[in-house]
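The structure under discussion is supplied below as structure tokens; questions concerning it will follow.
To keep things simple, chains are lettered A, B, C and D as they appear, and every chain counts its residues starting from 1.
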Amino acid sequence: MRIGVLCSGGDSPGMNAAIRGAVLRGVEVHGFEMVGFMDGWRGFHEADLVPLDRSAVRGISPLGGVILGTSRVPPFASGDGDAAEWQAIRARMAEYRLDGFLLIGGNGTQTVAKLLTDAGIRAIGLPKTIDNDLGGTDYTFGFDTAVSIASEAIDRLRTTGESHSRCMVLEVMGRNAGWIALHAGMAGGAQVTLIPEHPESIEQISEWVLSVRDRGRSSLVVVAEGFTLEGADGEVTREGLDGFGRPRLGGVAEMLAPLIEERTGIETRATVLGHVQRGGSPTAFDRVLATRTGIAAADAAHAGRWGTMAGLHGDRIDLVPLHEAVGRLKTVPDARYEEVRLNFG
Amino acid sequence: MRIGVLCSGGDSPGMNAAIRGAVLRGVEVHGFEMVGFMDGWRGFHEADLVPLDRSAVRGISPLGGVILGTSRVPPFASGDGDAAEWQAIRARMAEYRLDGFLLIGGNGTQTVAKLLTDAGIRAIGLPKTIDNDLGGTDYTFGFDTAVSIASEAIDRLRTTGESHSRCMVLEVMGRNAGWIALHAGMAGGAQVTLIPEHPESIEQISEWVLSVRDRGRSSLVVVAEGFTLEGADGEVTREGLDGFGRPRLGGVAEMLAPLIEERTGIETRATVLGHVQRGGSPTAFDRVLATRTGIAAADAAHAGRWGTMAGLHGDRIDLVPLHEAVGRLKTVPDARYEEVRLNFG
Amino acid sequence: MRIGVLCSGGDSPGMNAAIRGAVLRGVEVHGFEMVGFMDGWRGFHEADLVPLDRSAVRGISPLGGVILGTSRVPPFASGDGDAAEWQAIRARMAEYRLDGFLLIGGNGTQTVAKLLTDAGIRAIGLPKTIDNDLGGTDYTFGFDTAVSIASEAIDRLRTTGESHSRCMVLEVMGRNAGWIALHAGMAGGAQVTLIPEHPESIEQISEWVLSVRDRGRSSLVVVAEGFTLEGADGEVTREGLDGFGRPRLGGVAEMLAPLIEERTGIETRATVLGHVQRGGSPTAFDRVLATRTGIAAADAAHAGRWGTMAGLHGDRIDLVPLHEAVGRLKTVPDARYEEVRLNFG
Amino acid sequence: MRIGVLCSGGDSPGMNAAIRGAVLRGVEVHGFEMVGFMDGWRGFHEADLVPLDRSAVRGISPLGGVILGTSRVPPFASGDGDAAEWQAIRARMAEYRLDGFLLIGGNGTQTVAKLLTDAGIRAIGLPKTIDNDLGGTDYTFGFDTAVSIASEAIDRLRTTGESHSRCMVLEVMGRNAGWIALHAGMAGGAQVTLIPEHPESIEQISEWVLSVRDRGRSSLVVVAEGFTLEGADGEVTREGLDGFGRPRLGGVAEMLAPLIEERTGIETRATVLGHVQRGGSPTAFDRVLATRTGIAAADAAHAGRWGTMAGLHGDRIDLVPLHEAVGRLKTVPDARYEEVRLNFG
């Protein structure tokens, strides 16, 4: 059996551990031949591939990034691919003598895995994204590292905020789902946590910040990049506009900070955490989760369980059919948001 | 409703976050009065208690240790308590006007929670132990922090081991269950992971170390303190003796290192991680898990769900009956041990 | 002897250790009475002060921020103070029964210390600033922590940059001096380090980035916030304008990234590290430096060495006259910039 | 010019950065050819060498350990070498076409560098040791990382000590000089710091621990491995014996803990930090110091300044004659010990 591995989408801590787990189990236990495509589908299209064996994955679990590279190059120029494109994929597979794929990625990649499966091509999904917005798994690898970095940033901002009696606003990743903000906010004891799933008005936010001041503390506001402000007329922030119909400069933290300062009279500063959230050495949690996901994926290939994704359920890695995992965004449920609202006001 | 909180057993990162979660939810949402007993049952016996309200738990989530202190003082002088001791407990509860308990602890503490429940005293358990050997929950808080510290130690030992072509042996906690060794070993890519659940012979261990050398690398051996060596005659290490019937000095790492060096000719050094594993600021994972456990325990008290323990199941905190959670040690299943054996040899 | 302590300017990791060192030595060894003013000169003006004794400084060295708070409130409404303001300061000192000041701060604060000294008021300076731009000392406390955080951010950005073959631009603090960029860039192996002391043209920067690509790597550019771009006509960036006379949005990283991408065709992303640089627990280096500075300042007060600043020189803390320390900005010498240019291109 | 680089003695964080600095400056700026010997003098004796150029040192600064390996293999079988051994060294140098050496190491290595110099062989020293016990430089690289790790361990042990009202004893490295204990103890606010330079009696130590208890705190005792206990009769601990003439088991922490517990009645636990102190990624401080040391050494070779060592003096790297740097151990001066005694009792 000859298996191709590729990574697609944004990088996510743990990808190296996942590759290592799959290769150690696949090559050493099941006797697979394995190859990796560089920079995702780019390497597939351009025959840029490397053999994956024990020595290729030596010592890589603690390393950030991913040894194969990753990119957003899609398998098809357009949508679900036309006949010629499918033909090209099958031709490439024959050329590389591939029996199947292990696809490491988030929502987009797992949707591709399902497309391949529907077309009769063997594929198994390994769910990774720092955003944790993928169904079919309790947590995706990369998420714990991102939360850990964001939580550490909150610990740091809090001390400078308290020393200067300032309100500090920290913007973290999460365009469509507020998982990083939710967990980092809870871990760091943020007084206000704002997520895409729950628009709030600037009046409400300012009231929370003022009540924190009244209790003698300085506010730490953590906000997911996709949070939308509820305007006076019920309109929420739109792409390019703030909640008041004015052109929006910079990210959501840079929009919020002056509005909070204006309404509360409290000096307010914005920090955008940015790309540091997805870099660096993975946490032990993510290394373990990713390694086990890789092992489970190799086992699934060996057992012929194509068309599945290896997801975390409790303390086990189980296989879920790809069509159950993809297509819907996993967002933060109301009950979880209620938990962080404990700290508000 | 007036609720007493106490912590018992070894300290475990996340205990402060659990107290904070329970207090913010209990006092602010459900209107409880709450008090904390200092140093566990000692404070209960000696009327050493403090009020727990919002200001008492301000900013404590990132702090290691526990603001209430903890101790191994038992509720009863002997076993399950005699009639006089039970009478004393009820008298104290009346004196403190307590309606029920939140008990933060490991196997021993949750067994006490069950005893109280059986005697008609209201109690809810919050599972904590760095050892992760408690049933009724996927993971206990404190475990992730301990694994994280052990994994970081492996990363550090590996570089010095490789520079000197030495075999490094790291002893981590785990008297009866090998969870910390298992996860840290997987996260750190240890070549050999030894746990109490799986005795191995010194011949087998030496063979693994030699085969690592043959592949051009230096071995990192992680061993749980409760690991027992299988002797030539099938006898395993016993308290005070090594697997060869000789008196045992120091811990298991200090026993293994010279045996490995003797058999392989490779310079071998032992490090005992010790108490640093249970100290310091909790990981974001443990802070979130502990906070949610505290919230769930307060909700359980409000809902009258006494006699339960708040455990993690997937991405949810559910209540499990105490009699299901206690009494059996959760050990590492064979399939998990197989995963780390991937790296052996 | 009764000594007042106050902190002024931006917060800097190590301030708590400095206060602790001064108090343990001043109160326990020299028998001083000591008080701290809250939020710098605000507390002095408004009689907001706290006693400083052993219990007040218990366990504070590892804490970020500063227990006394800090602010940019000046001692005088205007410049060097008019007669009435000086009279008010002396009246307040009498009211508080102060014999002298320990002033913890950067260039501005040490200039005030010199003003006080010139006016016959007893003051000793403790140099702190994350920017390290103060003379009279090898390093200021806070700097090592800021460098450490910036260097860690570079380690993280590098992995995501390499995985995506992107050029990553990291903006760090340093309005007038490039010390943080210089040290973090060297520690992190940044391919390009840009500092205020050395304007460079966008053509030159792009050439460096391209030559890095030609060697098969992805560039990490670290830039101090005060860096100015040398325009085609030799004009450098000015406040509010970029080097091309166009209005400047956001910080210098956000200006550079699109210019680099435009000229090199390499996807380029900006990250602004911001306030996380000055927060959180100080490094061991800063805790030791700050503690020793506090001790030396208390000794100086005891010895009547008023009008001095306690600075690091080699492995010793020596006292330098304030008039030698203040008034000139310590910038990066050419030879140090040459060292980081090693990595360019 | 063709230069050989080798590392000798225990590994020390920063060695990779030193090699990288020397190679980037030596090869890229001065046009040297450079080679590295594997595992120190072993590689020299056995012709195990690798070319060192830009690609060989790519990205190595953040890595712990050392890419060349290190060992305690000496250049001579015995002492200062006999005529045949010197002849062999010159023959090897001719075979490798070496013009000179860069020698990275501690006291032993720098003594060898001086021997070579005295024999007319070109050598320049780069001082490294986590122990910081080398003259001719303010600090050696590796020391800051070791202090940082020890200080972090103190932060962790303190929380568990306070939670259990225990006295915690931490043993750190330092056989002949107490620098790591001194700096880590000061950074971590240890209540008692014990170093080889200052024997203390168990009565004195116990008194300090009791007085800490009387102030309501738990003691953290940091002790260098070479500390010797002053016995009742003035005899200090000797190799293999404790201060009471009894056989000594384990290290100094394991000897002290039961003695403290016996005399104070306070539960006391020992932790031996061990090899983790010398492993892992170097701090930013050590990376910068090591890189600059490497650069200075390459410049020294280019300028023909053989027979010198590149040492830190203030914020500069200066060259000191080897005969001034070697031969005397740099120990902790009394005034520095007085500073940490502030916290005692």
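Following the convention adopted for this analysis, contacts are C-beta pairs under 8 Å (C-beta built on N, C-alpha and C of every residue); 3 or more make two chains touch, one makes a residue touch a chain.
Just so it is clear, the structure is predicted and the values come from calculations on it, not from any experiment.
Colleague: If every chain is reduced to the average of its C-alpha atoms, which one ends up farthest from chain B?
Modeller: Farthest from chain B by mean C-alpha position: C.
Colleague: Averaging only over C-alpha atoms, locate the centres of chain B and chain D and give their separation in whole Å.
Modeller: Centre separation, chain B to chain D: 35 Å.
Colleague: In angstrom, rounded to a whole number, how far apart do the mean CA points of chain A and chain D lie?
Modeller: Going by mean C-alpha positions, chain A sits 42 Å from chain D.
Colleague: Got the chain A residues that touch at least 2 other chains?
Modeller: 152, 155, 158
Colleague: How are the chains arranged in terms of who touches whom: line, ring, star, complete or other?
Modeller: Per interface graph, the chains form a ring.
Colleague: Considering every pair of chains, which are in touch?
Modeller: A-B, A-C, B-D, C-D
Colleague: For the complex, which residues does chain D have touching chain C?
Modeller: The touching residues are 20-21, 24-25, 28-29, 54-55, 58-59, 61-62, 138-139, 144, 147-148, 150-152, 155, 158, 183-184, 186-189, 215, 217, 281, 283-285, 287-288, 291-292, 295, 313-315, 339, 342-343.
Colleague: Taking the complex as given, what residues does chain C use to touch chain A?
Modeller: 10-11, 39, 63-66, 69-71, 149, 152-153, 155-165, 168, 249-250, 269-276, 278-280
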